[in-house]
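Each of the next two complexes has subunit A plus one other chain: subunit B in the first, subunit C in the second.
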Partner chain A sequence: MTVSDTAWKPAAPPPAPLSTKSPKSRTRKSARTHGWRNVVWVLPAVLLLGAFAYLPLVQNLGFSFLKWDIYSGRQTFVGADNYVRMFNDPIFWKSLLNNSLYAIISIAFQVFGAMILAAMIEGLRSQRWRGILRAVYFVPSAISLTVAGLLFYFIYEPEMGILNAALDFLGLGNFTQAWLGQENTAIFAIIAMSQWQGFGYCTLLFSVALQRIPSELYEAASIDGVGPFQRFFSISLPLVREMTGLMMIVTVSGAFQVFNEVMVMTSGGPNNSSQVLGTWLYRSGFVRNDFGYAAAVATAVFIITLVLAVIQLRISKKRRVQW
Partner chain B sequence: MRKSTQSLMALLAGAALALTGCSDGGSQPAAVLDPNAEPQYTGTLSILTKFGGDPLEPYFEDLASEYKKLHPEVSFDLIQETDQSIKDKTKTLTASQAMPDIYFTWAGSWANNFIDGGLAADLTPVIAPGTEWGNNFGESALKAFAKDGKYFAVPLYNNGKFMGYNQRIFKELNLTPPSTFDELISSCSVLKEAGYEPISFGNKDGWPGLHYLQQLFAYEVPAETLQGDFSPATAKLEDKGYLKAMDQFTTLVNECTGSGKDSNGVLYTTAQQALAEGKSGMYYQEILEFDSTASADSKLKQDGLGIFKLPAAVDAKGDPKAIEGSPEGYIINARSKNAALAADFMKFATNSQNAAKLSAPPYGQPSAVKGAVSTENSSVPVIEGIKQVNEASAAITWLDSVTVPAVADAWLAGGEALVAGTQTPDQVLASVRAASSAGK
Partner chain C sequence: MVTRSALLLVLGRVLIKAFLVALAVVVVYPLVWMLLNGVKSNAELFSNPFALPVAWKWENYITAWNRGVGDYLTTSVLVTVASTIATVFISAWAAYGLTRVNIPFNRVVLILILGGLMLAPTVALIPLVKMFQSLGLYNNLWALLILYTAFRVPFTTFLIRAYMMDLPAEVDEAASVDGASKARAFWQVILPMCKPILVSTVLLNILFTWNEYLFAMVFTSGGALQTLPVGLTNLMSKHGTDYPVVFAGMAIAAIPVIVLFFAGQRYFIRGLADGVGK
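Let's look at the complex of A and B:
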């Protein structure tokens, strides 16, 4: 037993006649002592978080009220000017729309699609096949986003890419196009790659959630003559709702923070058609030398993701599963 | 809003501004390099180059190792970036105030940012025309990095943009280098009928389209108007020549390129490769690319690489003798503690031996040092390109570095829209005008 373990043991009650203090006051003192110990234990993490997460957040908020020339280092206070420009900037709204599309499609595929696939895999009788399929679907998630982006860039390449070659081979030559080079297809081509990449990871998490459901529930339902579809909707779906809530938060937050795949595949082009908030922020700062405006976009991203996360957390709290 | 929330918000906003603060920057007049300062041959020299990747990467590595043989106490920290990545890298290093002792620059607004920000050492006493070192360079190359009569960078090599063509294919089809824009378009149909891609073009990065546009603007917009339009303070962007040039560009994309409207999805290296492999008849490229396109093992090397200036329309209202291109150089950081050593290294890099090496294959970067490009060490297209650049009436700096970043970005998006056919020249010009007005 370690020293710290001992410290956490409740103190033995002192002999009554020797004590002059009431039991209530003793409890308060003990709580105060424990409270300070707790603070000491969490202090390093709080300090690190403060220095590397909250301080930059606050600093970024400050930068968003400035015009900042990185070459001369000159910073001029411009009030809410960057925010006014942002609300009047069509590329900001285009980026927001693209992020929203990303979120909607990701929820459809990576939450509900993955849940259905997980249920199908877990419904297989063969343990071996379940393992193989989980691994097969998970492999794309092990590839880095940058590598996956490059890989798909070559798949989508209009002249040498295998997607157009496959369409030609299948007699669907009319559908061939520059998937990343056309304004109306670029963002969807990127989103498709992202679904491929994240689908397996979500499936694996849903598989774990499904495995936690007691098998007696399914057995009882089967004895009562309930079919597989009804079992899914009446048992699986309600009992993985906590995981569903978590996946929604992760997926939606991820959709508003997307950056790597867009940078690698299109850099937000052509004609800003595949711009998302992350790449527009980057382009505003590092290409257009408008760091104050970039900070305003970053603040918008933070507020959007924070609000979405709080809403989803509140909803999922109400949907907690009690075993 | 509850009182406590209001107080918290006020506290947060106050803290945010206090933490960031406002400052008028550390901008000071650029440090002037003392011509008599003796370099201390110790310590580390950090250099940001644009020679990342094959075949250029070994050039600075070899320079560093040769210099180290002469001065063993000196070590190097080489940061080698590519043409695309150096833009982001430079901005990141600038914003974090971590610029190296020597760093790459384009001419125009790109270099002016560093000069105005006090990040470029004033090299006038050592490199101005008439000084011992300065006399080694062509005066126009030095002037590309001059501002208010002061000289701020060491020009390493010259550059210009030309249409490179496959001599065997042209001969086979009885084609000669076109001298007008209409002739160029006509030659495309001949190449197409013979089964070749007339002009290979990849605009994934956006700037290849800008290079066409800037050369066509120089032909179609009067020189004085064009120069005035580069700066938001004086820009009007109303000349009809812009619309005509953009029409010519879309005609070229639609009639001459194999990928046409799909070109935004093609890498420029893929287009370069098509010429190198003899699949396309032409590819618009910089002198810097000549030796890598026609590398020793390429089909193009056997077929022969010829070059000609992108031809202007017969009734062009601008300057049909201008060539797009400008020297590229290296700035010595005004805040460097090793400025004298950095200058000494750059003198070493531009001595006649190293200048000749730079101008020869596989590097093929035509040195800005006088006499470095010669029949003894440089390829025929490089010599011809430099000759034409020297004979041009004016050198027009790249569109993405001559104007302010927001306007350049609007041109870039507009160029992509023209390629895809989603905007008309009028719409593109309006969006650029809006970006320029916002930058006033």
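Let's look at the complex of A and C:
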């Protein structure tokens, strides 16, 4: 169950088949023949995305200006009313705050924690151990958030859960509590589960980034008598900076799309204290039959993820590092 | 002084290794706990959560299977296989069209397909419900097949396209000298050369579909139509007091993807790394 080090190198395409005589000029010409017929290659993808991703996006904007009862099917135009209600809705702000907490804590643990962890792993001399640790840390990321959520629902459970039992065992009995049942701990308990589930994925990606740093740089540094800490801060850290930026954006973007684990563990409760935008949207539409309002919340999610995607695009474009 | 710093270095190494191993134990323990709880009795669960099972009750797995997990698993396999095949073929065609064939408005098509990467499923959720209701596909596995394919095509195309761009132009030239049509060049030359990235995308799509929850929850409601993630929450709410059976169900859902990860991890890693880095 080790990850072999050779698998980490950037993907190199296989060599071209043996055909050295390539009449360049001829193929250039034939390649230029535009053909509407060629559209068939991209047509399935374009149609699928157009109908089931872009069209709903536009429709959602339209729905956000309606009052809409899905059972009677009645829709009435209410202008910006849903948005006004949203900005005056304390649960909307609570959800936004919870998503932000999700983002901040995930950046601390899943981005910076994982980076330090990856540096520790890559610093190990045994290749075997490096492989085992990377793989073991990743396992929680392979299982579904539903299984992970249910599992931690039980771990936090006051009577049978291992968290309180472990605290008792360590003599910290004072700290035992119903982690998911209290307004001030529920969202943090969910976020903690999410760190367990996701940090291995980030560690893996940082390991890949660290391995792509040429080893000559480290060798030169060790000849110059540079210690491990200085090596981390002056070689590793700057050279994985772009990866760090991308990971931060991916993590934050994920934090604003959280749904599954909150739904499974608390459904946003108790008393809406662990509500996030995704679950609040769901609840507004499918439980409270207020689909116009849910569409307004969806628009808020869209704007947030759009801004993050644009930033991500900028980082990706800049990130061509020359050694 | 030299010996002191050397000593510190050795000590540091030992401490780091101890920390990493301890962390690995903490990370894996919840999963071990899940597996052990799946073979305990209900009374054992509450007496001492850390104890090993007294009598290994493997029949919990059979009970879980008969209480619906078998159906959920079948549905999950069906949806996963169908949507993975559809996603990878549609994406490979699109990647081929974008990299090796001249199509009109190439740039616009590229932005349109890769732009799908930033669309969150939650944003499209409400219009999609209305759309599938009017299409008569609500509570139908076609809904999941279509949605999973649509929302996975951008990422899959992104990965395959990056790989195809690195294939040398001589490949197509050789094929066209041989008189092969574009379609034959795709099936017989380009696609076989893309095998490594195709394996990566197949694995990543299996992982995604097997674990997806939002669409599965919203678009299916009948028991036999539900996939594992939704089915498990049902098992929990219907038979919530019979906890070992719920744990057995969770294990049945988790084990296939864990095995798959260990079997194909170098492909997983390449896919994940290229997905965020390129």
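The criterion applied here is as follows: the second predicted complex is superposed on the first by the 270 of 323 C-alpha atoms of A that agree within 3 Å, B and C clash if a C-alpha of one lies under 4 Å from a C-alpha of the other, contacts with A are read in each partner's own complex, and residues count from 1 in each chain.
Definition applied: a residue touches a chain if its C-beta (ideal position, glycine included) is under 8 Å from a C-beta of that chain, and two chains touch if they have at least 3 such contacts.
Keep in mind the model is a prediction, meaning the values are calculated, not measured.
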Could you say whether A:291 touches subunit B, subunit C, both of them, or neither, answering first, second, both or neither?
both
Which partner does A:102 contact after superposing on A: first (subunit B), second (subunit C), both, neither?
neither
Mind working out whether A:120 is in touch with subunit B, subunit C, both or neither, as first, second, both or neither?
second
Subunit B versus subunit C as contact partner of A:44, first or second or both or neither:
second
For A:160, using the defined touch cut-off, is the partner it touches subunit B, subunit C, both, or neither? Pick first, second, both or neither.
both
Considering only the touch criterion stated at the top, classify A:269 as touching first (subunit B), second (subunit C), both, or neither.
first
Which of subunit B and subunit C A:92 touches, first, second, both or neither:
neither
Taking the superposition as given, does A:59 touch the first partner, subunit B, the second, subunit C, both, or neither?
both
In the three-chain superposition, say which chain, subunit B or subunit C, touches more residues of subunit A.
C
Residues on subunit A touched by both subunit B and subunit C 55, 59, 63, 70, 159-160, 285-286, 291
Considering the complex alone, what residue numbers of subunit A touch subunit B?
55, 58-59, 61-63, 65-66, 69-77, 156-160, 177-183, 266-267, 269-272, 283, 285-291
Which residues of subunit A touch subunit C once you look at their complex with the stated criterion?
1, 3-4, 7-8, 11-14, 16-17, 19, 22-24, 27, 30-36, 38-42, 44-46, 48-57, 59-60, 63, 70, 117, 120-121, 123-124, 129, 132-133, 135-140, 142-147, 150-152, 154-155, 159-162, 165, 196, 200-201, 204-205, 208-209, 227-228, 243, 246-247, 250, 253, 256-257, 259-260, 263-264, 277-278, 281-282, 285-286, 291, 294-295, 298-299, 301-302, 305-306, 308-309
Contact residues on subunit B for subunit A in the complex?
12-13, 15-27, 87-88, 91-92, 94-95, 97, 113-114, 116-119, 203-206, 258-259, 261-266, 270, 405-406, 409, 413-414, 416-417, 419-420, 422-423
So, in the complex, the side of subunit C touching subunit A is made of residues 5, 9, 12, 16-17, 19-21, 23-24, 27-28, 30-31, 33-34, 37, 45-46, 48-50, 90-91, 93-94, 96-98, 101-104, 109, 112-113, 116-131, 146-147, 149-151, 153-154, 157, 163, 166-174, 176-177, 182, 189, 193, 196-197, 207, 210-211, 213-214, 217-218, 228-230, 232-233, 236, 243, 246-247, 250, 253-254, 257-258, 260-262, 265-266, 269-270, 272-274, 276-277
